[in-house]
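Consider the two complexes below, in which chain A is the common component and chain B and chain C are the respective partners.
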Partner chain A sequence: MLTANSLRRVAIIGGCRIPFARANTAYAEASNQDMLTAALQGLVDRHKLHGERLGEVVAGAVLKHSRDFNLTRESVLSTTLDHATPAYDVQQACGTGLEAALLVANKIALGQIEVGIAGGVDTTSDAPIAINERLRKVLMKANRGKTTGQKLAALAAIRPRMLMKPELPRNSEPRTKLSMGEHCELMAKRWNIARAAQDELACASHRNLAATYARGFFTDLMVPFRGLTRDNNLRPDLSMEKLAALKPAFDKHGGTLTAGNSTPLTDGAAVVLLATEDWARAHNLPILAYLRAGETAAVDFVNGDEGLLMAPAYAVPRLLEKLGIMLQDFDFYEIHEAFAAQVLCTLAAWEDAGYARDRLKLDTPPGPIDRTKLNVAGSSLGTGHPFAATGGRILATLAKLLAEKGKGRGLISICAAGGQGVVAVVER
Partner chain B sequence: MMARDRYLAFANSPFGKKLTGAIGLPQPTPLERFAPGRPDLLGPVIVGAAQGGRLAAPLAELLAAAPVATLFHGEYAGWTDIAAQHRLMTGRFDAKSSGTVGSAVFDATGIADPDDLAAIYRFFHDTIRSIARNGRILVLGTPPEDAPNLAGRIAQRALEGIVRSLGKEAQHNIAAQLLYVAPGAEGAANSSLRFFLSPRSAYVSGQVVRIGKPVAQDTDGYDSHAPHAGRTVLVTGAARGIGAAIAEVFARDGAKVICLDVPQSTADLLALAQRIGGERLTLDITAPEAPKTIVEDAMARGGYDVVVHNAGITRDKTIANMTPDAWNIVMNVNLVSALRITEALLDADALKPNGRVVCVSSIAGNAGNLGQTNYAASKAGVIGMVQGFAPVLAARGATINAVAPGFIETQMTNAIPLTIREAGRRMNAMAQGGQPVDVAETISWFADPASVGLNGNVVRVCGQSLIGA
Partner chain C sequence: MTDWQIAPRVMTGPPEGGAVLRGAIASLRKRGITGDLDPVALLRPGVMLDAARIHAYAQVCGFGERGGVPLTYPHLLAFPLHMAALLAPSFPFPAIGLVHLENTIVQHAKLDSGDRLDVMAGFGAWITHEKGQAFTVESRIARAGQIVWESASLYLRLGVDAPKGAPYQGLPADELPLATIRRFDLPANLGRRYARVSGDSNPIHTSAIAARMFGFPRPIAHGMWTKAHALAQLLPDEPIEHAEVRVAFKTPAFLPGGACLMVAPDSSPLVFELRDRREQKPHLRGLLKDVRYVDR
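Up next is the complex of A and B:
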């Protein structure tokens, strides 16, 4: 595998995303391919990669039409990159974007490629709607029929009900049939996360995001798309009073998760450019930061009495141990806000001695973090969360924060469906 | 009281919309105008340029200050570097995925040959359908007389035809202008770029503006949101109509306004001055001692920064039927008194450094009009006055320019017989009359302390009227 004599540092050169849009708003008519292409072309334009043959482009989408089987490659073919640039799709639920970056980074580190793009895209406005399962079986049978008679006989089995009941993609766990919000509600109860604490985190996310827009931070990390120049989920004037007025969304009686402290369904795309230091130098492109290491964990939320979105709580201590650093040795913490409660449960778990001993198998808990370093540029509660695009958004944001600071270290933590979590460390 | 455009209101009622659409009548929609608190610039902005353009930096500077996001036409990939330097958001324009935009700007200053004009064709061919209602088209050129050779001169002159046609084609209240920026005057373009990309220029379309060598250094501590802060402005004929709107706009943008009008209008003048925190100056500008009185007022205030010659009257008759009085009074009010007052102020050094004189002409001054030999003579004379005075004022670090309103909804136009009035209102690219504020905003732009490169211009505020164009 190893084509280089030693491991090479992986530089983050830049990122590009389109503004994120709440489902069925500005991007209602846009496809995954439209959005991914726009983000890719923006990255290519900014870094003058026209006609460049890159090592690879890796991206994915959680909700995908079957015609998009080669989504990333098709998107590359719509850009001004050299069309001899290979591409492939990956999918690891909300971890897709960051996992894609780890895949590209590993190949760069090992010497297999010099430069690559990683990212993701999602739309819930243009989601694939599958036909009714019984109707699908009938159609497949008709398709297998050798004679017209056989085909017609098979089709005669179609009933109007089958046409009226298409299968919509659902944001729920196949094994528990619970939605992600319902799962997170259970976690909030297990960790006693107060409603007010969740609302405060949501408020801070919008406030930080608005301030970060106001200082022009995102101008070179985004391209306008379909009339948007900033995320349309952002509410700069959001207040605790407004959030307090919202009703529980997943548990009508005694629930604490609301539409305000949970991410809405969102459309968007984000990509990042990764390369060796030599490649960056040869192309006269400044380096924002380095992708140091990544870790992916999974938990048994079906039989194992663990919360669906708790995998990052395991992944982070494992990675810290490998790197020989403490949870407190960071200047920035980027914890993806699928739900405010997810972030707060993770932080609570890291402070809990019993949990550390019994679950994480640690003598001492990772401990508390300095909350003023958490999601300082806003996160998913403000931007919205197009599943596979979130990793690219966070990675580029963190890299630029570190570049601004000049020196430092940042942690990324992203929870994903199926009880998974992808985390990474970025340094400069 | 402002005259109302009943057809405009009807055509925008639910029933009226249906009916006018069904029978093919014009369907004008009210122009979107500036109001404090609303965005200053109409974004996002699609940018394009021919090789060798000179205005990328001033444009990027303006858009970054707003801030407004930009999209670049595929042939203008160099914009990404300029945008990055100015911390300006940008992305490649794509007709399918970019959505609608507020404005499209093409920097044609580098066009050196008629063959190169195809670049501007391609730019607008690709982008025009993406410009939103009430949007803006702006083409930036090099004054033909400043082009280095014959081919350049011809190509630059051709821009006028393109822009005037775009103004007529774009529809939906989209305004189109051509800004000729002389080499070396790029730094003086800011206030004009801002005006023509903003809702303030709502009723100005199909105009050609020249920005030349700056007459003064741009003033320090200047705030584009209150450009007239701390300045003293004289407005003649301020009691009503366009004059009252001028006074209001200057006051809104920070000025102390001296509202001048005849004794008969004292009540209106008093109310206006109170409303805007201004002063009154009650006199007839044709009176022999008027220039002297005005100079005294100016000196008592340490001089005027801006003088707006707005007072004007009509006494319409065909020349055969016109009395000598009707000839004389129109010439005196509209032209001669403005000339005398300007001369007196200059003689007394009562116009402050970086001062501004703005005159009000009329499209009748270009086009002439049946029954208006006197009026058209006076308004054409105003154009002569502006052009003649321009070098004199430049030598003092000041400027003089004129607006030429088309059909503006005021008591003056309300006095026109209905059928003629209706024709005047609709015969322009916006299919409606302008409001006094449209003229006022244009005057305020000429008077802006940053408009140091505008001198000797006549800009029509006429919705690109067919008359006299």
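Up next is the complex of A and C:
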């Protein structure tokens, strides 16, 4: 599949996202396509890509209407990009955005395309609600009827009850029927993660995000949308006292996860522009950083006695071994804060010799990280977490952090539903 | 108490449904004043483990394909003998209205579909319970003369004055913290589906009207289904060489409804409970221990 003479480096040119909004607030009326289009157009405007034919645009959404089967392509058609730019959708739960970036990056590296956009969008406010399964089957049967009589006979099976029971999308694992919060609560118990440690991480996320907004860091990474100029989940004045007052959200008796140290349902979109160095030079666009490598992993949380959100703990050491670097060889760690407990479980797992030996199959554990390098610009607990948009947000943020620093290396770790994880290394 | 040494009474086939119903109704006349438990065991010789029936049972209970014969499946082979024992003229109480308090299963060897098994059942001891007279019905299943599977079902006849036997020892009720590991729905047709695969067609599980006649607001899930479903979630999908599981049935689970499975993490034996959706009302509490797998 190598189409160029040799592998090319994948440059991160820039990113653009709309501010993230808590569900049923500012973007309650916005569709996935509205939000993805706004983020894409923001990226096009900032990098003057009007009329430009790109290699590919790849994005996705976790919660999707059936009409959004070609969500990304339809969004491209609503922008000022050359409409001859192809697009496709991907979906890997919360890993969607970063997975999309890896897909685009691989094509660039191999010479199949010169430039592409990767990202994701999600809304839980404009979520798809389906008719219940029994009514759907009746309607499909009526649709198959050849005569009016057959159609009416099929429709006669409709009962009032069927009309009153829509099928709502659920934030639960199909195989366990446990919500993600309940699964993470189990992990927190397994790793003895204290409530205070989770609240501290939540506090730091809001504090870091507020400080990063204050210094104007996000100005060229965001475009206002529907009256918002920054994430409306951000609480700059959040304190440990306020967090301590919250009741456990998932396990009322003895649980440690609360609404404060878990991400809320969020609406938003984020995209990233990736290209070869030659393309960037030809278009006179500076390079923020390079997407060096990516890795995915999955764990058997159903029967395997492993936590649902522990896959990144496996993916990162695997990637480190391939690259011949240590967990400590990073200047920034961007560990997606689905829940504060998820981050802390992952860090605890990397320090545990027994876990390294039995689960990760490593002689020595990856070890501790310098916590002052963790999520320095805030992360999902502050911004909120529109599932598929999170990868794009983190990738652009990390690339710019590295550009500011001038030289360095950053790690991205994102956990996803279904026991999956997507991780990547970014360098400059 | 059953004397397993004397020759058992051979049952040629499972009792036919109509006869069970007639016998159950006729047994309502029993007063339970006199009588001892029949010491003669009942035997169904050479019962084959039928792959199709096992598959249907596994589907309803949630067991996977690779695990082979589910740990709870042989209960179905012994169940007709339980019914026959409880309907026998010499048994002092009516079969209707007996409360199933507990079920313990011990499996000693891996079972395979196609195996020919000799299934025996008989009465265990009288047990004194605070609410009446309890007693056990024991099952022993042998393959080529070797006992491969055993169970004990504890039943209670409510409202018997001066019950006989040793006092009832319930499951240890130490308050270990429990964590929910699964949630699931209990669909309205669950009782009918389990009745079809198990042969236990007690109408309190299958019919809303019958359930109301017996004082339940709605049909209730079969206790043995709740046990089987909990084990289907707790055990990995692999053949079992040995396992022991004891459960106590606490409160009925109404259909349709929902339930959650909770465990005491890292407990040994593993303590588990099936509770209602709100994690309040316990339907089932169990202890699972000495699980050994074939390929490990």
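Quick notes
One rule holds in what follows: the second predicted complex is superposed on the first by the 428 of 428 C-alpha atoms of A that agree within 3 Å, B and C clash if a C-alpha of one lies under 4 Å from a C-alpha of the other, contacts with A are read in each partner's own complex, and residues count from 1 in each chain.
Note that in this section a residue touches a chain if its C-beta (ideal position, glycine included) is under 8 Å from a C-beta of that chain, and two chains touch if they have at least 3 such contacts.
These numbers come from a predicted model, not from an experiment.
After superposition on chain A, the partners chain B and chain C are seen to fit next to each other with no clash.
When the two complexes are overlaid on their common chain A, residue A:Leu98 makes contact with neither chain B nor chain C. Taking chain B and chain C in turn and counting the residues of chain A each one touches, the greater count comes from B. Contacts of A:Phe218 after superposition: chain B is touched, whereas chain C is not reached.
Shared-chain residue A:Gly254: touches chain C; no touch with chain B.
In the superposed model, A:Thr176 makes contact with chain C only, not with chain B. Rounded to the nearest 10, the angle made at the CA centre of chain A by the CA centres of chain B and chain C in the overlaid structures is 130 degrees.
Once the two complexes are laid over each other on the shared chain, residue contacts for A:Thr229 go to chain B alone; chain C is not touched.
Contact with chain C, but none with chain B, is seen for A:Leu186 once the two complexes are overlaid on the shared chain.
Once the two complexes are laid over each other on the shared chain, residue contacts for A:Asn303 go to chain C alone; chain B is not touched. After superposing the two complexes on their shared chain, the closest approach between C-alpha atoms of chain B and chain C is 40 Å. Only residues 177, 179-185, 236-237, 265, 279 of chain C touch chain A when the two sit together in their complex. Here chain A touches chain C in the complex through residues 172, 176-178, 182, 185-186, 189-190, 251-254, 303, going by the rule given at the top. Those residues of chain B lying in contact with chain A across their complex are 43-44, 64, 67, 69-71, 77, 80, 83-84, 87-92, 94, 96-101.
Considering their complex, residues 26, 30, 34, 37-38, 41-42, 45-46, 48, 50, 216, 218-220, 222-229 of chain A touch chain B.
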